[in-house]
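Following this line, the structures themselves.
One chain, subunit A, appears in both complexes that follow, with subunit B as partner in the first and subunit C in the second.
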Partner chain A sequence: MSLNQANKFGFVINPSRLIDYDSSDRKVRDYVTLREPSFKLCFACGGCTAACTAGQHTSFNLRRMITYIRRGEIEPLRDEVTRCMLCGKCLLVCPRGVNTRNVVAVTAEAISKLDRNEL
Partner chain B sequence: MNSEFFITPFNLGLYFILIYSVVRSTVWFRNLSRSDKLRLQRGFFGRPFMDSLREIFMESLLHRKIFRKNPVLGYMHMSLAFGWFLLIVFGTIEADFFGEKHLNPPSHAIFFRWFNPEHGAEGFARIYNVWMDLLLAFILSGLLLAVIKRFIPGMVGMKKRTRHTWTDRVALISLWLIFPSRLFAESFTCGAHGSGSFLTGNLGAALASFLPAAEIAPWFWWLYSLSLGIFFLLLPVSRYFHIPIELFLIFMRNSGINTGDRSSSYTEVQTHACSSCGVCISVCQMSYAAGINDIQSVYFIKGLRNDRDIAAITANCLMCGRCEEVCPVGIELGPMRLIERRQGEREDGTLRLAGKYSLMRKRSSIEKIPTQSYGYLVREEPQKADVLFFAGCMTHLTPSVIVAMKKIMESAGVKYRFMDEKGGVCCGRPLMLAGRDREARELINHNSDIIWKSGAQILVTSCPICYKVFRESYYLDATVMHHSEFINLLIEEGSLRLGYLHKKVVYHDPCELGRGSGIYDEPRAVISYVAELQQASQERNMSLCCGGSLGNLTLSSDKRALIAADAARTLTMSCPDELITACPLCKKTFVQSTKTKVSDIAELVAAALPRPAVKAVKKRATRAAVKATGNS
Partner chain C sequence: MKGTPKHVIVAGGGVAGMEAAGSLAEMGYRVTLVEKGEDPGGHLLQWHALFPDRRPADEVRSYLRKRIVHHNISIITRTTVEKIKYHPGGTVSVNLSGGTDEKADAVIVATGFQLFDAHRKEEYGYGIYDNVITSADLEGMFNRGRVAKADNSVPARIGLIHCVGSRDEKVNNNHCSKVCCVTAVKQAIEIREMLPSCEIFCFYMDMRMYGPYYEELYRESQEIHNVNFIRGKVSEASVNINNRLVIKVEDTLAGRPLKMELDIMVLMVGMEMEEAGAKLAEASGFKRGINRFLETGDHHYGNNLSGVRGVFYAGTCTAPMNITDTISHARAAVAETVRYLDGR
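== the complex of A and B ==
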């Protein structure tokens, strides 16, 4: 069964978890990795998300956001990135020393650049 | 050789710099905001003008501040500035008094010896000559120090020095040449005519004994005039522009103008008033602890001046404010960096020579595109309370501070409400530090709403970062207090009874609380009340940054660790029992880099609380029970 058919089959219960590598856009990932190399160190433990101030009010999830960046899924990222308050709590709990605050700032920058076709 | 053409370079340079300064300052004045213009006008006819004259004399001529910091450097600056000033003043008087006529052009005073080679043979003129020679010797002694400083900075107590642009270098060489060439020009002329005093006369006689003095003299007069002329011509594009601009800065500051939050003529005046002395490099922890040597304030200002792309430099700073404390010119470096952080992206417009002379800088303000929005925040209806406690995001990572604060407030019988018990909203300061003021405003509005609706009289916060923004950027009816202030208030009121802990502790001033908000004494009063407070080598306004600062968005964690380790080492030099701080972020950072126990001031006070009577009774009861079972 091809990927297309899998998406068109209308009787699934869970949202599709298939990653379509054809639609994956790595520009944001490359931009973030270049500007904040510590991004590569993340091993998705989720400490940042547990500590998150914004996460207590909304569905913001830094761990998920990083996954989106890595997968090159831009669309869900667009909304996610606007919710962070840059308070820096995640920075203190990160066991890998990822500069998480800057990851968010750089991602936001990348998205706005992408919208202006500068990336 | 009697031609007087040699005065041309000097005249060119002098009239150029005079006209340029007048035009440039007019442009600056015109670009000031209306209220700042009024301030300046009012200042001109009032006290600020007299204060400025005093300050200009003490700082721009005598260099009192540098003297206090480093006497050798102070002497160097004083001899060059004050000595040159006196030489000009007394030279003008000399030319006016002994010259052919009164009111001479400036060149007659500067090249007086050339026009009056026989002058000063006897009487009062002779004594006057000794004075003029003394002044020249005074300046030359300072120049000698300057040369030593350039090549062996360590000898005059300088740790670091700045890198210069080529215009700076040419200006420097011409500045260095001015006074030796004057010495030789005067000496040769004096030697040829048998005049002069102890310096020029003796040197002249010695040189004339084996050299054709009369032929050589004009060459040195040419050199003297040329070096003066080149120095004046390059003044606006070199770091020496700070000499005239500092006068403007002092006057503007005394008239009550401050940096504010957007770029203006005042920020531009400050940019040019920087003398690139490099004092900010020596105190920067990023430099001596983390080995990052290209982001210091002097390079930031230099980048602004030459319109470079300095986004990376601007972002990479802890915003601790140590450089601002030591800046001898008094430039508001912190606010200037924040203004620059608010700017959107711009192209690197490194200025060519002609561009540097331009009167109007094209450093326009481009607003950053907002990237965050907090529409998801739900406005809540708060309960009424007199005292509102806002722990802050960082304090939620150090729950022991919250527990301690709760204990203290309960013990003192304070009726309070815990504003962010279930996790609040960020205060907005981290966003502001990242140059996102517009987004921060959303959070500020959200929190302000809650605080206003609660009707609180006092807002207590445990985080200095929140404290600063509550005080400066919120419009609140409530008195904002840091918990160290609040505990101090409780102790002074007598509502908090505390024991004495037999501990030696050292206190670390958090940047945002100390330098940022000027709270130095209250935490010390609280600590001295419950324990023995030791002094740290770097404290109060020169206290160190812990390295965890949210002011820096880009600094990597390993560099942060280096800064933290260095700061912790300095603070625990006297082997205290505990390292006390008043900031949860500092606490978190220090814990990882020192073996000494690190506690918040609230934890220290909570430890000094008398043990609750109920528990003591319970303990006694259990002990009795154990005994009873043991006996049976």
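== the complex of A and C ==
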């Protein structure tokens, strides 16, 4: 029975919400870690997101974005990286000294390379 | 111990120094306790009650005071130890502020810690906004029996901000001060008991309930006292038109930024190497760790050893620790000192 037919009976198959760590793609993480090693230091305090102007009005959340990168969850990143205005306020807050602005810049670079099969 | 009693100088009259002096004196050693303040007692003098059992700090204060009332102990106050030097033959010379020198057979360094100066986290507004206080200031309010805003009105909501001056590269303190988490929980409960209608929020990055009965106190704060916990580091505080503090934080568990008005913001200030102790270390050639506390001979089995003959470390000059561990560490320093003196 095809998915289309299943739908006619009022059933749908939801896409998995699992973070499938065994099949996720950590190329972006490796790229970011290599080019901005301070990325490794994030301990998810959320100070960056609290300070973030973009995050007050959009779904942008740098702390969550870093977790996505670490887990190899690429899809949500495509939207996230476009929302940061690179103002650098997060840099002033980060208690671990992560170069947060560069994390965003390098992630955007990684995504575009990924899309061109260059990663 | 036979013959003339050996002489030990204890640098610092806080919890560690008092315990070390008392232990040595009862074993028959002659002790000189050097304290920089008016009286021995250290930071404990300004505390109201202690975690995790919330016993009055006065009980531990009087235990320690009795400990140093001994004919073998002489106490020098308003004085710091400026330099310690071992001389071949076994004498340890000590230079005191004011220009006097003392000689001893051994020295225990117990110079302790200092609280992080909250002015340095300017974004939290300590010294700028009236109702931003430190955890030590709050103990002062408990001592006076009243928690109130600067205008003397009753607060309806208080926020306790964890990790102020700890785990923060921006103030050059990457270390965890260990005791602030449980202090916040203790203080939250105390406020709730004094002001039952006052809402309490603890803003934490990780709850580090490392000691016996700490986790139980944390649980009690939720179960009985309705203390609220929000996981996120506060990025900044400001004051709005109603003269209430406004803080910005990410509620990291909800994954969204959060703002909240507060009547009082309490900064849980961490521990740093004490300044006079740091100068002493500099002058005497004691090694310091990356956290700027004194580096001990061995982290696991020699954490009272200084690397200099005849000199031993006790208490929070080596790392942040609670009172229980400080007293144990001071006793261990005494054991090391006695072993050294007996073996000479």
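Everything below uses one rule, namely that the second predicted complex is superposed on the first by the 101 of 119 C-alpha atoms of A that agree within 3 Å, B and C clash if a C-alpha of one lies under 4 Å from a C-alpha of the other, contacts with A are read in each partner's own complex, and residues count from 1 in each chain.
Here is the rule we use: a contact is a pair of C-beta atoms (placed from the backbone, for glycine too) under 8 Å apart; a residue touches a chain by one contact, two chains touch by 3 or more.
Please read all numbers here as calculations on a predicted model, not as lab measurements.
K.L.:
Mind checking subunit B and subunit C on superposed subunit A, clash or fit?
P.N.:
Aligned through their shared chain, the two binders fit side by side on subunit A.
K.L.:
Contacts for A:56 in the overlay, against subunit B (first) and subunit C (second): which applies, first, second, both or neither?
P.N.:
It touches subunit B and subunit C both.
K.L.:
Looking at subunit A, which partner touches more of its residues: subunit C or subunit B?
P.N.:
B
K.L.:
Considering only the touch criterion stated at the top, classify A:24 as touching first (subunit B), second (subunit C), both, or neither.
P.N.:
Neither subunit B nor subunit C is touched by A:24.
K.L.:
Once the structures are superposed on A, label A:93 by its partner contacts, choosing first (subunit B), second (subunit C), both or neither.
P.N.:
So A:93 meets both subunit B and subunit C here.
K.L.:
On the A-aligned overlay, A:45 touches which partner chain: subunit B = first, subunit C = second, or both, or neither?
P.N.:
second
K.L.:
Quick check for you: in the superposed arrangement, does A:16 touch first (subunit B), second (subunit C), both or neither?
P.N.:
Neither subunit B nor subunit C is touched by A:16.
K.L.:
Quick check: superposed on A, how many Å separate the nearest Cα atoms of subunit B and subunit C?
P.N.:
Minimum C-alpha separation, subunit B to subunit C: 6 Å.
K.L.:
Touching subunit B and also subunit C: which subunit A residues?
P.N.:
51, 56, 92-94, 97
K.L.:
Along subunit B, where are the residues that touch subunit A in the complex?
P.N.:
369, 371-374, 376-378, 393-394, 396-397, 422-426, 430-431, 434, 436, 443, 548, 550, 553-558, 585, 588
K.L.:
Can you list the subunit A residues touching subunit C in their complex?
P.N.:
Result: residues 43-52, 55-56, 61, 63-64, 92-97 of subunit A touch subunit C.
K.L.:
So in the complex, which bits of subunit A are touching subunit B?
P.N.:
Touch residues, subunit A against subunit B: 36, 38, 51, 53-54, 56-58, 81-89, 92-94, 97-99, 101-102, 105, 108-109, 111-112.
K.L.:
If you look only at subunit C, which of its residues touch subunit A in the complex?
P.N.:
Spelled out, the residues of subunit C in touch with subunit A are 123, 163, 167-170, 205-206, 231-236, 248-252, 255-258.
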